[in-house]
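You will see two complexes here that share chain A, one where it goes with chain B and one where it goes with chain C.
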Partner chain A sequence: MRAETHERPVTAGQLPTIGELLDRQGLLAYVLLSPALLILIAFIGWPFITSLWLAMTDQSVSTSVVRFVGLNNFTDALKSQIFQQTVRNTFVYTGVTVVFKLVFGVGLAVLMNQSFRLKNIARAALLLPWIVPTALSAIAWLWLFDGTFSVFNWVIVRSGIADRGINWLGEGTWAMAAIIIANIWRGTPFFAISILAGLQTVDRELLDAAAVDGASPWQRFWRITIPLIRPVLLIVLLFSTVWTISDFQLVYVLTRGGPANSTHLFGTLAYDVAVRAGQLSQGAAISLYMFPVLIVCVVALLVYLRRSST
Partner chain B sequence: MLKRETTTATDRLFSRRRFIYYSAALAAAVACGPTPATAPPSASPSGPVQLKGTKVNLLHWTSFVPDEDKWFKETLVNDWAKPNGVDLTVELVSANEAQPKIVAALQAGGGPDVMLLQWTWSHLYADKLSDVSAVAEKIGNDGGGYYDVMKQNAQVQGVWRAVPFGMTGNALHYRESLLKQAGADKFPATWSDLAKVGADVKAKSKLFLGQALGHSYGDPPTFSFPFLWSHGGSETDETGKKIAINSAATKDALVAFKELFSKACDPQCLSWDDSSNNRAYAAKQIWATLNGASIYLSAVKADPDLANDTQLPLLPAGPKGQFVLGVPFQYAIPKYVKDPGPALEMISYIMSPKTYGPFMKVGGKGYTLAPYKKGEGELWPSSDPKFDPFKKIGALSKWYGYPAPPSPAATESGSKYIVVDMFAKVAQGEAPESAMSWAEGELKNVYKL
Partner chain C sequence: MTLYLPLSLTSILLLFPFYWMFITSVKTNSELIDLNGLPFWVFQPTLDHYKYLLAETGFLRWTLNTLTISVVATAISLVCSVLAGYALARLRFRGAGAIGAAIFITYLVPQTLLFLPLLEVVRQLGLSNSLWSMILTYPTILIPFGTWLLMGYFRSIPRELEEAALIDGASRLRAMTQIVLPLALPGILSAAIFAFTLSWNEFIYALVFTNSTDIKTIPVGVVTELVKGDVYFWGSLMAGALLGSVPVALIYSFFVENYVGGLTAGAVKG
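Presenting the complex of A and B:
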């Protein structure tokens, strides 16, 4: 193909054409980024700023005139025992589920990294809990935990383990256990598939060399595999923590925050206060309490990643 | 002089510069495309209502009695909308999901033309609802006068912000054969007697009294509030200016409830919503439960033996009397509706005794009770004597915030299930004093007192 050259002398004082402006790498980068930036500003930045403003007003569904109230909504939330319980619930829920999802995810990933028949089908099936819409799978769990019709309870009673079934959703501790179980079931495939991708990048030669040097399978896994996939683990942990802290659908379908608020998370309480009770500003303040926690998680992880990469 | 880079013809055709040109051109074309057709101007609210060619969107709840839904989807459309040339859209949502839709519409300033509110929501959204006093007054007069509870729910500071639609009357459903098997000849008239009889039935039949106490719109509050009121307890005093929940009366209520729950109920009810007890009763897993008549009406069709064995008394009385909290509904027209004329016409049609009477018979057969007194008289829909206790519900029923007038704070408290959770905490084993103190703290936050 014949190459052509485009040359136009640019003299001092003459404005550059749009084409010439777009040829400047720095400017072009911003132009190309601008659609994504606009979407981020419109759908994330603007709602976030609005919720910050909302949280510092007294706006409710019933108010026509909105007043600035500073941090009152934040301090009022702290006084509420329901909010205090919600904070505890959120940390317990997030902490327990993330640890279990990590352990099960690593185990499943190691398993799926082996060679066996129907490996690809097994890998695809592994993703099912992750790809089924949460609300749909939560309804299935609702039936599994139902006080009257629970399959788990049927098995417990029929097998003679206990005279009566567990009050899964009607007792605070069991209700928390129930939403934790459902969350672990749903979230483990994400860990497993992501970690599996990390495992496949581990150089077999390193593991073989360690084996020749006498390292046991456990030592090879702990001293070679885990350090090599640590960045993947950390990213997966970060995403899962963010998603779990802000969880809503699963809890809303299974317990609506009950019984007696023992399973309320930030998301469900903010929804109840803002939408059901109509106190939009208070709901915004409650949901914004998630923000500092998430920021700490993200910053800590990014600092760690930057250090490890240098 | 600047040196330009070398490019090929293909490069120029698909260059990044051209990509941006094409993108901008496409965006401009979309932006400058044909504008959507605007709706024809509607009739002036002050003039005669022009129905032909108008549109009405009705947001209604999904009834537990399917025939009621059918009435709105078919009868209302065929008998009113089509003959008048109105394009009527009926959107049915479950009772628990109605509030998010309503809040979103009111905040966005657009959505349904008519929305069915529950409880005292008119007080919570009053500033954003149209004044419907003229229509509400006329319907009330035609119907022989509203029950006090209907007026309290829909009228805010003397202005009707909604037109009362009706009430789901709640009554205990119980199996007479199991009661007799346990040695009782009639259903207990007081809560303390119910605790004793409930314990006997539980011992004999291994079935419990299934009372929902989860976060759900109907059965949990319609049990908890009457129980509290019948022992003299309440959220506030009569003025609504002082939190009164931390009282000897409330403690009496909670102690009595603890007795009832431990002897006659079962902890699994703490997670139940409005449909859980329906399923459990139909599956004969419980012997009694508080509910709208939907359980009985379903059994009439699906399990006549169960229906024959079922009786429907109102809630028992406490030391301070017998109370009922029916689930009330009202039609509201948001202020964002520019021409409320067609919506008001539709509400007038539905609520006129001439239409509402057949609706009660064909639709709910007593499930939805009329908001006005003709409902218990000439319009009474059922020849089944089991429904007779329902005739008292309109007069007996109270509202969120009772004995104070309804208020946004009382509505907010109801939406947050504070009283329901106070009972649920006691059912979970918490001391009545502790649950009461918790409720007091939460109510102070809500009422700002």
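Presenting the complex of A and C:
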């Protein structure tokens, strides 16, 4: 597919060849974009519209005639104890894990930014929790937190810290602690590696100059390094927030939202209501409650990116 | 010392669950529930759980399914991302900014937001409980990232190379396939590895779209089929979790640089 000359004007009465048409940037651009847009519209755009409709009807496995119910599913959710609990859970889960992941991530990145032997192997190994399937690594955590056979409990009892082990997944507060621990374990590598990449862009001469001027390592870190890697920190934080709020796998495998709904997040509650209890429309409404949070994050990112690129 | 101590401590914390997976998978059932022995070591190693997993469960079938889905979804996504990334990076056209922003937004759409309506769409298309339900929906997770990553790559290739070819009479398509694409190979490789691991690890779509054993993927099969009622087959669960993680870990270890490059490209370039 090639045109003889690049920008030959097409005269009347002479139909342009396909090659010539594709040399026009506008048309070519849409042709090239169409496969991606087609898939995104069919499996994100269309489902999104479907979800608005679904959430405003009373569809369930038992309804034969679907009725329009307006915003009832949304208001019903707000009134339900379980939903309120889910909002609190999500808030705690996201808030605590993101802070820990950020602190550990920065710490680990600073460590990894030093030169030492086997650095490449260390870096590769540290990302493992992030790259293996979460549903599968969660199984290891399920066994680590087992009520009877938890190895943590073995250590706690044997070392004499306590007489009895912790009922990790059987008590609300401990179950929340358990999914938080597993999430921090899984997410810290992403923070560390991204922040490490940010650290590597920091100009050493700046730090050296500050050192010559008498700035302590601590001052150099807070006054020079942190401001310079702030864009990376911000992006990583926003991504992680979105992913953590919408988390599913860890909770599904470890607690299924229990005990007594104390670890339900939006995703697991929506799954329970829609798939296990068959209340499709109510589940869709619960999922959609994540949307405003998402919008805030996306807008923040876009505004930030636009500002930094101008 | 201030470096190696915290480093080794973190490494132990991060890698311990994998060690635990392995050691559990080679313990006999009696050793697994022995509360008096030392749990950190195995005294009578056995491969029984692996034999059970491979012979008595659908694990091999799930592996084949996961592989098929991941390869095809990755291929579809790569083609779409390369074309879209090139258009957004290189061509001037109306709506470029809006389309770029829209694709970026879809990158942040989590699976848990749309899995229920997507289930409806999959049903309407007659795809439920088939590999196609995953092959066609996974690209929605992969294309936004791939496009974004490749856009950055294409931009880093000097325009002059392409323009020289255009002046010499090559068409745009030709300039793209013969000059830009070869130079963008590292980026394409990053996108491919990313897409493959994301497909391999996907969970909620596979969980919701499938129900028969022989359509399941590894993560879903291991989680849903190796627990019978309240009985957990810990040994084979761990064997399945470990074997299911090996392929992504292997691919990742061969292409660490590409993976890290892809992962951090967005964050650093911002």
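To be clear about the criterion, the second predicted complex is superposed on the first by the 281 of 310 C-alpha atoms of A that agree within 3 Å, B and C clash if a C-alpha of one lies under 4 Å from a C-alpha of the other, contacts with A are read in each partner's own complex, and residues count from 1 in each chain.
One rule holds for everything that comes next: a contact is a pair of C-beta atoms (placed from the backbone, for glycine too) under 8 Å apart; a residue touches a chain by one contact, two chains touch by 3 or more.
As the structure is a computational prediction, the values presented were derived from the model and not from experiment.
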Partner chain(s) touched by A:F149 [first = chain B, second = chain C, both, neither]: both
For A:S62 in the superposed arrangement: first (chain B), second (chain C), both or neither? first
Determine, under the contact definition given at the top, whether A:V275 touches first (chain B), second (chain C), both, or neither. both
First (chain B), second (chain C), both or neither touched by A:F100: neither
Which superposed partner A:L32 touches (first chain B, second chain C, both, neither): both
Would you mind checking which one, chain B or chain C, touches more residues on chain A? C
Where on chain A do chain B and chain C both make contact? 1-6, 19, 22-23, 28, 32, 148-149, 271, 274-275, 280
Could you list, by residue number, the parts of chain B that touch chain A in their complex? 1-10, 16-17, 20, 99-100, 103-104, 106-107, 123-128, 213-216, 266-273, 276, 279-280, 283, 285, 408, 411-412, 415-417, 421, 424-425, 428, 438, 441-442, 445-446
Report the residues of chain C in contact with chain A in the complex, numbered from low to high. 3-4, 6-7, 10-11, 13-15, 17-18, 20-21, 24, 32-33, 35, 39-40, 76, 79-81, 83-84, 86-88, 91-94, 96, 99, 101-106, 108-118, 120-121, 136-137, 139-140, 143-144, 147, 166-167, 169-174, 197, 200-201, 203-204, 207-208, 218-220, 222-223, 232, 234, 237-238, 240-242, 244-245, 248-249, 252-253, 256, 259-260, 263-264, 266-268, 270
In the complex, chain A touches chain B at residues 1-10, 18-19, 22-23, 28, 31-32, 60-64, 76, 79-82, 146-149, 167-172, 175, 255-261, 271-280
So in the complex, the part of chain A that touches chain C is made up of which residues? 1-6, 19, 22-23, 25-26, 28-30, 32-33, 35-37, 39-40, 42-44, 46-48, 50-51, 54, 107-108, 111, 114, 116, 120, 122-129, 131-137, 139-144, 148-149, 151, 154, 185, 188-190, 193-194, 196-198, 201, 231-232, 235-236, 239, 242-243, 245-249, 252-253, 266-267, 270-271, 274-275, 280, 283-284, 287-288, 290-291, 294, 297-298, 301-302, 305, 308
